[in-house]
Amino acid sequence: MERIAVLTSGGDAPGMNAAVRAVVRKGHHYGLDVVGVYRGYTGLIQGDFKTMDLGSVGDIIHRGGTILYSARSEAFKTPEGQNKAVEKLKEHGIDGLVVIGGDGSFRGAQALTARGFPAVGVPGTIDNDIPGTDFTIGFDTAINTVIECIDRIRDTATSHERTYVVEVMGRDAGDIALWAGLAEGAESILIPEAPYDLDEIVKRLERGSQRGKKHSIIIVAEGVGSGVEIGRQIKDKAGFETRVTVLGHIQRGGTPTAFDRVLASRMGSKAVDLLLQGESDQMVASRKNEIIGVRFDEAFTMKHQPDMSIYDLASILAI
Amino acid sequence: MERIAVLTSGGDAPGMNAAVRAVVRKGHHYGLDVVGVYRGYTGLIQGDFKTMDLGSVGDIIHRGGTILYSARSEAFKTPEGQNKAVEKLKEHGIDGLVVIGGDGSFRGAQALTARGFPAVGVPGTIDNDIPGTDFTIGFDTAINTVIECIDRIRDTATSHERTYVVEVMGRDAGDIALWAGLAEGAESILIPEAPYDLDEIVKRLERGSQRGKKHSIIIVAEGVGSGVEIGRQIKDKAGFETRVTVLGHIQRGGTPTAFDRVLASRMGSKAVDLLLQGESDQMVASRKNEIIGVRFDEAFTMKHQPDMSIYDLASILAI
Amino acid sequence: MERIAVLTSGGDAPGMNAAVRAVVRKGHHYGLDVVGVYRGYTGLIQGDFKTMDLGSVGDIIHRGGTILYSARSEAFKTPEGQNKAVEKLKEHGIDGLVVIGGDGSFRGAQALTARGFPAVGVPGTIDNDIPGTDFTIGFDTAINTVIECIDRIRDTATSHERTYVVEVMGRDAGDIALWAGLAEGAESILIPEAPYDLDEIVKRLERGSQRGKKHSIIIVAEGVGSGVEIGRQIKDKAGFETRVTVLGHIQRGGTPTAFDRVLASRMGSKAVDLLLQGESDQMVASRKNEIIGVRFDEAFTMKHQPDMSIYDLASILAI
Amino acid sequence: MERIAVLTSGGDAPGMNAAVRAVVRKGHHYGLDVVGVYRGYTGLIQGDFKTMDLGSVGDIIHRGGTILYSARSEAFKTPEGQNKAVEKLKEHGIDGLVVIGGDGSFRGAQALTARGFPAVGVPGTIDNDIPGTDFTIGFDTAINTVIECIDRIRDTATSHERTYVVEVMGRDAGDIALWAGLAEGAESILIPEAPYDLDEIVKRLERGSQRGKKHSIIIVAEGVGSGVEIGRQIKDKAGFETRVTVLGHIQRGGTPTAFDRVLASRMGSKAVDLLLQGESDQMVASRKNEIIGVRFDEAFTMKHQPDMSIYDLASILAI
């Protein structure tokens, strides 16, 4: 292997730049040429490549977003697009590819490996919803952004002695809601993985109010439904107003945390190791604090499960 | 004057605690007793008072929200409520009142002065929309919270090369939108004080895109309409998607900035000075960096105007 | 077991409050009375106790420091002091104790178990230097504080194209230096666990400068020596000035991160579980993402080792 | 005037990039060419110039430091150096210069105007010590960085009930110490502009301790002397230990606050206006919230005075 490429794909996540940096620097450490691909699979098909020297990834470890940009590619979903991509890679003398992104992006990577082109995935998404790894790059930053926002809301909630509903990201996975909910002492946490019981939610609010709680916070993962709708249901059932905040895209950006920078550095580095060891068709994963390779097929057959012990603990502690 | 009271009223704002601290400590400096009133005018009618010693305001200068809580009071809007409030104040031997809050709270204070009870206002609201003062307590914190959020959105906006619409607070006043808009280099700023021209907005987006801008940000004050609706209008006109974020209540909370802590300390202190000088029926104001007293009547006849030079400058610089 | 106590001891760490909250709430969940002890072992000897209801730990999960205060106690190091402490605990009908603190605090806890009094430790220290657990409460917050500070220094370092030496905490353990160093892309990381080679440091600086690096950062754990002294050595050897910053006590405070709040909640909860299961003479530990109990004796015979793979990786990536 | 240049000089300050952006964009607004000069006067003498189009200052408004770099130039202090600079400017067809920096940088600008070359200054320094303007670019960010750090120290100070001495920047001016001191409720503030009385400092500490204060903070501007030395004096006099933190270079960096971004945008814009109006030998100033031009000679004959009303107020409120 003499020349590898790296791209970021799917929703961006803080720490992706740290991962790109690790791929480039580790590649150079082994004497490889490293090529950056712009705009994910779109750039792969178009041959939108750029040679990356050591300095090209200087001063980016702490920047949110991705210097390689990200985009969706309909073209790449077709066999023609995938063939085109392999052609472009070979045309540029590239021997291996690192794909930083989520679940969907890894299926793209697998389409390349099915064509005999070595590719390895690095899990980058704020949602932490990729099966096979305990943590994804960007998750720790996202939950810290969420709790920073809710810490602010807490001030005004206390001043006015109100109940706030906060909708956080997580279409399919409740991880952000769970971690942020435990970290904020939220009265109730609504996640896609568990049914919610409006009576129980209202009962908890009333019990809290009776023992003098100055505010209550309910966290709703977007996959459960709109925070506004949940607020309305509570009002109908409980008879009091709630205020609703939808955190939205601020959860995607920001300077990555130390945890995410370290995770991204390790994962990016591991991806290069795997390629050099002749491995492919794998994603890098963090399991029990170890960085390992996991075959795509293994990951794809697993189902992501959030840590439900957090759910139970939050419920006990936010009494 | 031997005993004064202080309350916070209306929407809470970061720095209110610093203002409460200043009233209490400055009062003690002059040998006064100081009484805190809970939940604004509601507590005033109910006699929900608490004597505040020096330690009662320790370790609060940096806390968002208000330790005295805030609430709306329908009862206080009636003459009976207002009479009741004066009774309660006299019953507790209180000679003067400091009201920390917004426009509406000051009208309440004036109702007391009309009954011969000395009262002074301290402008606290994130909206900066109180006529007669250049700045209100909480505004500086709010705009810093807004730009911190938009800095995060900027990361993901750049990664995906998208246009973001961000709705910020400001029902009647565009100050938050204006300051945050200039500070973020927003392409367009929509405020209640100026009509907006969709053609112009779209033209600016297209011009930016042509010269290679990686993202665009449009800031909308809530008084103009919903950010979601503006996003839809842009899509209809321009033919491309935008992402919308409504910042909501996170703008109300958080640790106050240095500017707000200093402003609040000065204003709270000045309010006590005014009462001791026999002044009443006034609000404290910051004008051209000086802290002065302004008669309520003078303030009420003025109309708040945001600094429109910011509007023009933002438009020139975000080309 | 009907009544348990909790104290914080040694240097404070962000997240200690979240751990106290978890002990109190989990205790109440099981129907226990929970008593807070002020100022660590000092308060234990003096019987400075306070019954803690559910509300007593409200609104503290996000606060740095410890509401129970911390202090050093010479008296408790004597057998008399330890006997006195057990007496006081029994006098108040207390059946078990949770000690939140570091290594030294756990030896104190063991002195109590040696007298037949059940005690369990929860590892809280920013240094991450407690053998037997992968992470301690406060470490994640501390490294995030450090990188936030170095991100700032980076701006000015780049503007002036200078080399900065940053001294971070860690008398015996290099964990803070290692994680922050990898997360910041520091050129060199000096830790107590590894000898440093001034020639190598200077060579790396020169190589970086030759390939156009705009700034360099060297991180020194305090256990290695003073940052000022290291700066002087570099100057003598390399012939150019460095700027030195000693981060100091700002590393101890601040709002805990999501990771620390979750870890503290889990560990505090686990400590109560252990006591109720009749366990004692143990500390709670996080190993491979699992929260378990580890016998004090086992922990005390281990030696803390930082993850040296970070050291090697940082050296490769910050080329 | 057809072509202007801009440089940053002296210590960097957050907001300098926003000022550079404003100069470039406002220049283009008027149809001018704008040239960036690297490394201050060093680059001016060397002709290290770069034409700056609209995109060259994109995405920098929120970045600390200066993209034009800064450096000290001994060569420029000589008449030969100054002549050389004017030659270089003329050689490149440049008609006017904007110098963003401090006092010393403005004297350099005046050396150019004395040679008939139009130059205007924009005050950028965190110290706020430039006579003739109420605020300088970077000051607001610096005091917010300082209070963020002291907020952290406050947590640990309270937990251990200790006294902390914090040394902040300010060799000749106490502005940072004063604002941060009032904003933090510091017991004592030591600035170069006022003598300090150790007896009074100790008396205040003792009085605070007697009324149950959990911690005390003393802020020392570096111009007064080393924080370590002040800490030692307090120990000798009062008999108890203090902890000392020297904030150092973290005060120079970081994302600029909203206030600094707005101030920098206005000032940079005004500088271009002045040049186009045929003005020179002036600095831009903010006085009573207005942005005006002030002749260098006028500014140089004034002496900067911090707002001593803050000193008195802090002393009253931190009782």
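In this document, chain identifiers A, B, C and D correspond to the written order of the chains, with residue numbering beginning at 1 in each.
Quick note on the criterion: a residue touches a chain if its C-beta (ideal position, glycine included) is under 8 Å from a C-beta of that chain, and two chains touch if they have at least 3 such contacts.
The UniProt protein names, listed by chain, are A, B, C, D = ATP-dependent 6-phosphofructokinase.
Just so you know, these numbers come straight off a predicted model, no measurement behind them.
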item	value
Intersection of contact partners for chain B and chain C	A, D
Centroid comparison with chain C (C-alpha atoms), farthest chain	B
Rounded Å distance, chain A centre to chain D centre (Cα mean)	39
Between chain B and chain D, centroid-to-centroid distance (C-alpha), Å	28
Averaged-CA centre spacing for the pair chain D and chain C, given as whole angstrom	36
Numbers and ranges of chain D residues touching at least 2 other chains	151, 154, 158, 214
Chains touching one another, given as label pairs in label order	A-B, A-C, B-D, C-D
Residue numbers on chain D that touch chain B, as the complex places them	21-22, 25-26, 28-29, 54-55, 58-59, 61-62, 134, 140, 143-144, 146-147, 151, 154, 158, 179-180, 182-185, 211-214, 255, 257-259, 261-262, 265-266, 269, 288-290, 309-310, 313-314, 316-319
Chain C - residues contacting chain D, complex	8, 11-12, 14, 16, 63-66, 69-71, 145, 149, 151-161, 164, 214, 243-254
